[in-house]
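Each of the next two complexes has chain A plus one other chain: chain B in the first, chain C in the second.
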Partner chain A sequence: MSLTNETKDIQSKLAEYARTGSKKEIEGARDDRLHHYRRLVYNVVKGVLDQGFPIAKEIMGEERWDDLVFDFFKRHKCQENEVWKMPSELVEFVDKTNYQESIGLPYLPELLLFEWLEIQVHGMQDVALPNTQEFGSDLDEALVLNPYLEIAQFQYPVHLRSASEMEANKGHYYLLIYRELDSHLVKFMNLTGFTAILLDTLGQSPKTLRHALNEMGQSLGMEITHEIEQKAIEFIEKMVEKGVVLGVK
Partner chain B sequence: MTNDDDILVGLGFRRSIADETIQMKGSSPNFVEIAPENWMGMGGYWRSKLHEAAERFPITAHGLSLSIGSPDELDFEFVKELKKFLDEFNIDIYSEHLSYSKCDNAHIYDLLPIPFREDAVKHISKRIKTVQDILERPLILENVSYYTPVAAKMREEEFISSIVKESGCNLLLDVNNVYVNAFNHDYNAKDFIKNLPLDQVAYMHMAGHEKVEKDLIIDTHGQPIIDPVYDLFNYTLDLTEPVPVLLERDFNFPEMEELQGEMTNLKKIMNQKWNKAYVVDE
Partner chain C sequence: MKKQQVLKSAALAVGTVAVGSFNANAANLFETSDLGSGAELRNELLAKNHSSVNTLFNNSEVELKCGEGKCGEGKCGGEKSKKADAKDSKSSEHKCGEKSKKASAKDSKSSEHKCGEGKCGGDKKDAKKSDESKSSEHKCGEGKCGGH
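Then we have the complex of A and B:
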């Protein structure tokens, strides 16, 4: 290692100051200029997070949001090389530290996750899509799902984007967040527990609707009636319309 | 013999002006430059825009996260991903900053100044060779703007020259950064440039900046290029061989015509200084 400990220490001190804002004496540096590094770094981080979490920011208000950003960048060592992925680390940080408890916003982790999932799905890497045919409303056709989607379960209705709605309506929510193939736009949709599991089962590997329903029947210990099959077909037809199911193989 | 093909002016490809750049009419850039980290690992809408840009323009890359001056170990996984990305978009010119942006296992997401010291020269030169080996491309390092020296034991130009000499890397000469640093640290910009290893310059940047205090300029890339920086560019071109020149603009975007005007200004100077076949029609 050619770098001396002395040089290394000096570099660490400058980086730590830029990252945390806690100032230590830095050898051979101009005191009246150092604060620009803290300011510039903080602005970059704040800018990325402001853009990534507009709802959380608005609900928390400027001051509490700023405190969170400050704490996050100080206490969490960011690992993402690509700054557009850095917001996922705020989600992690809040989760790990139970930050929501200290500020009395129990829905915060879920709200942040929801906002991150929008970014994540928007930027999901492109994959080659198989050729598909139109869904014939048949239980025995192998369904192909849009690969750009996430299904998430929440206790708070984060999609309503309102603090009072979230506080008043704790329950079970299943959200589908997906990217339209042609427009590249991210959309979301409410699912029931049943349809969430159905899509999740179908997403694991290409399979027929009958196969997926049987799998669900076994794992949930329920009987798959003709009525359930019909409902499932109707649901898939709707998903085809929305571009969530691309067709059949 | 220098000809028109050697007079290449580029524009930074940024999201806020992506469509305007892709559809630009009239005098348009010869190439566009991207920050690879803003596009790597990303699909969907922005990926499709990048493909559109790549269909129209050759692409150069100017990285953000390599952190060549960091005390931390190189992120080999990242460098390998980067190579894949550069290969995919046929990017030959890859440059980075002579600074560090990661330390003690934490990304800072901005450029910090390295102490100008002999041990840092050795450390960085070794890393440059490793990166070049993995990327199978020359690394082109940029003189960065900085607002305070940090524990310097040599002059900045000596630091840069030593690294270029020891590692064999190329130099991205950012003429605006020289102007900014000369102003902020009170040295002579022309003398500074004269003392650089100019035969290793492979790429140049031109940009605007912002004066925030009476003795401090911040390198914002949010303003038009000012006349003294054009003057310095003129001076530099007398001493250098033709290389691609990029107009850096990162925010506060004006109408496209204004950026086109700046590119035309640059091209005119480059033609006058570098293109022996160029006839001034005035």
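Then we have the complex of A and C:
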């Protein structure tokens, strides 16, 4: 059942008031009760973000964190219609507003992204898994990856270091985040640039390890030696054990 | 969100991954390390950061001991609340009713958030932020004193 224009208008005004605190005439609303709605909505937003970003909150401290959340609440018009996705909008908000500069935490966008990715991978929509067979440690088998994974690239070691060590260790970091099929636990693995690209290449479509390595060799202008092939097989065996690679097609 | 930070294609990745990272021997190319589950990694990072945060910000708040703050200022019990955050699993049922099987995951990240289930009468600070009128509904003892 669709809403009448009048209802939509009232809802929009109430939402606007809840976010900004600027009062407009809202039909049927009692002035002495209205502020409770704002408080309730803010508490839901803050509760979700507090739980989504405990590390950022810890690093920033209660006051700075509250300021960020309140700024986000007031200035950002959330578009996601599922509450659990709201943290991704905070990531976008910080990125878009360069919020990190105003508080001197250059790694804040990456830290928030790192924390959000856990939620994202955890909440990934279930998909039908293809039938697979056991990996036979063969370069010419088409590998099938776990569909519930993300690979992120960071400049700051937000997944490895404390805040005080972050800026001194600026560099290149690669992180695999994946959801175990049975336990539904989200797991993390620190990758090298090479393994990040390899998994990313394999994840695009089922392809053989030899194919993926050759593709990478060409793109990167490097020779894929026998030793690299052997190490790649060992790596895939480990990934099978971890549930990152499901098997072969 | 910066799209280049989440690898979506090899072409993108090759263009953004440090070339220098491949000037290594074969073994180094494949060096990976398990960081554990979300809960394990989060607790580890929270513990690391807990000790280092004081050096980042000149935050006199952390030096206060329980009892030094005034009731209603939100200091007393603050420590407890932070630790509780560290232990709390972060996600779990964000989807309001969806995927109930995931709720059983041990390191699930959230508690179920439903629309309208805010912390009615909760944090004083929150109330202050969300309501400029500083409503007088919060009495001493209703706020953070003593933790959540």
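One rule holds for everything that comes next: the second predicted complex is superposed on the first by the 223 of 249 C-alpha atoms of A that agree within 3 Å, B and C clash if a C-alpha of one lies under 4 Å from a C-alpha of the other, contacts with A are read in each partner's own complex, and residues count from 1 in each chain.
In the analysis below, contacts are C-beta pairs under 8 Å (C-beta built on N, C-alpha and C of every residue); 3 or more make two chains touch, one makes a residue touch a chain.
If you're wondering where the values come from, they're calculated on a predicted model, not measured in any experiment.
J.: So in the superposed three-chain picture, is A:Leu113 touching just chain B, just chain C, both, or none of them (first/second/both/neither)?
T.: Second partner only.
J.: For A:Ser162, select first, second, both or neither according to whether it touches chain B, chain C, the two together, or no partner.
T.: A:Ser162: touches chain C, not chain B.
J.: Classify the contacts of A:Ile228 with the two partner chains as first (chain B alone), second (chain C alone), both, or neither.
T.: In the superposition, A:Ile228 touches chain C alone.
J.: Under the stated touch criterion, which partner chain does A:Leu213 make contact with: chain B (first), chain C (second), both, or neither?
T.: In the superposed model, A:Leu213 contacts neither chain B nor chain C.
J.: Check the residue A:Asn81 against both partner chains and state whether it touches chain B (first), chain C (second), both, or neither.
T.: Once the two structures are laid over each other on A, A:Asn81 reaches chain B alone.
J.: Which partner does A:His184 reach: the first (chain B), the second (chain C), both, or neither?
T.: In the superposed model, A:His184 contacts both chain B and chain C.
J.: Look at the residues of chain A and decide whether chain B or chain C touches more of them.
T.: C
J.: Looking at the overlay, does A:Leu246 come into contact with chain B only (first), chain C only (second), both, or neither?
T.: neither
J.: Could you say whether A:Glu16 touches chain B, chain C, both of them, or neither, answering first, second, both or neither?
T.: Touch partner of A:Glu16: chain B, not chain C.
J.: Quick one: is A:Leu145 in contact with chain B, with chain C, with both, or with neither? Answer first, second, both or neither.
T.: So A:Leu145 meets neither chain B nor chain C here.
J.: Do chain B and chain C land on any of the same chain A residues, and which?
T.: Correct list for chain A: 40-41, 44, 48, 82-85, 122-123, 126, 184-185.
J.: Flag every residue of chain C that touches chain A in the complex, lowest number first.
T.: Chain C reaches chain A through residues 1-2, 4-11, 13-14, 16-19, 21-22, 26-38, 41-42, 45-46, 48-53, 55-57, 59, 61, 74, 78, 82, 85-86, 88, 90-96, 99, 101-102, 104-111, 113, 115-120, 122-123, 125-127, 129-133, 135.
J.: For a test of understanding, state which residues of chain B touch chain A in their complex under the given definition.
T.: Those residues of chain B that touch chain A are 37-38, 40-48, 64-65, 69-71, 75, 78, 100, 102-110, 112-115, 117, 119-120, 122-123, 126, 147-152, 184, 216, 218.
J.: Under the definition above, what is the set of chain A residues touching chain B in their complex?
T.: Where chain A meets chain B, its residues are 1-4, 7-8, 10-12, 14-16, 18-19, 26-30, 33-34, 36-37, 40-41, 44-45, 48, 77-86, 122-127, 148, 179, 184-185.
J.: What does chain A use to touch chain C in their complex?
T.: 21, 35, 38-44, 46-48, 50-52, 54-55, 57-59, 61-62, 64, 66, 70, 73, 82-85, 88, 91-92, 95, 109-110, 113, 115-119, 122-123, 126, 150-154, 159-165, 171-172, 174-176, 183-197, 200-201, 204, 215-216, 219-220, 222, 225, 227-228, 230-232, 234-235, 238, 242
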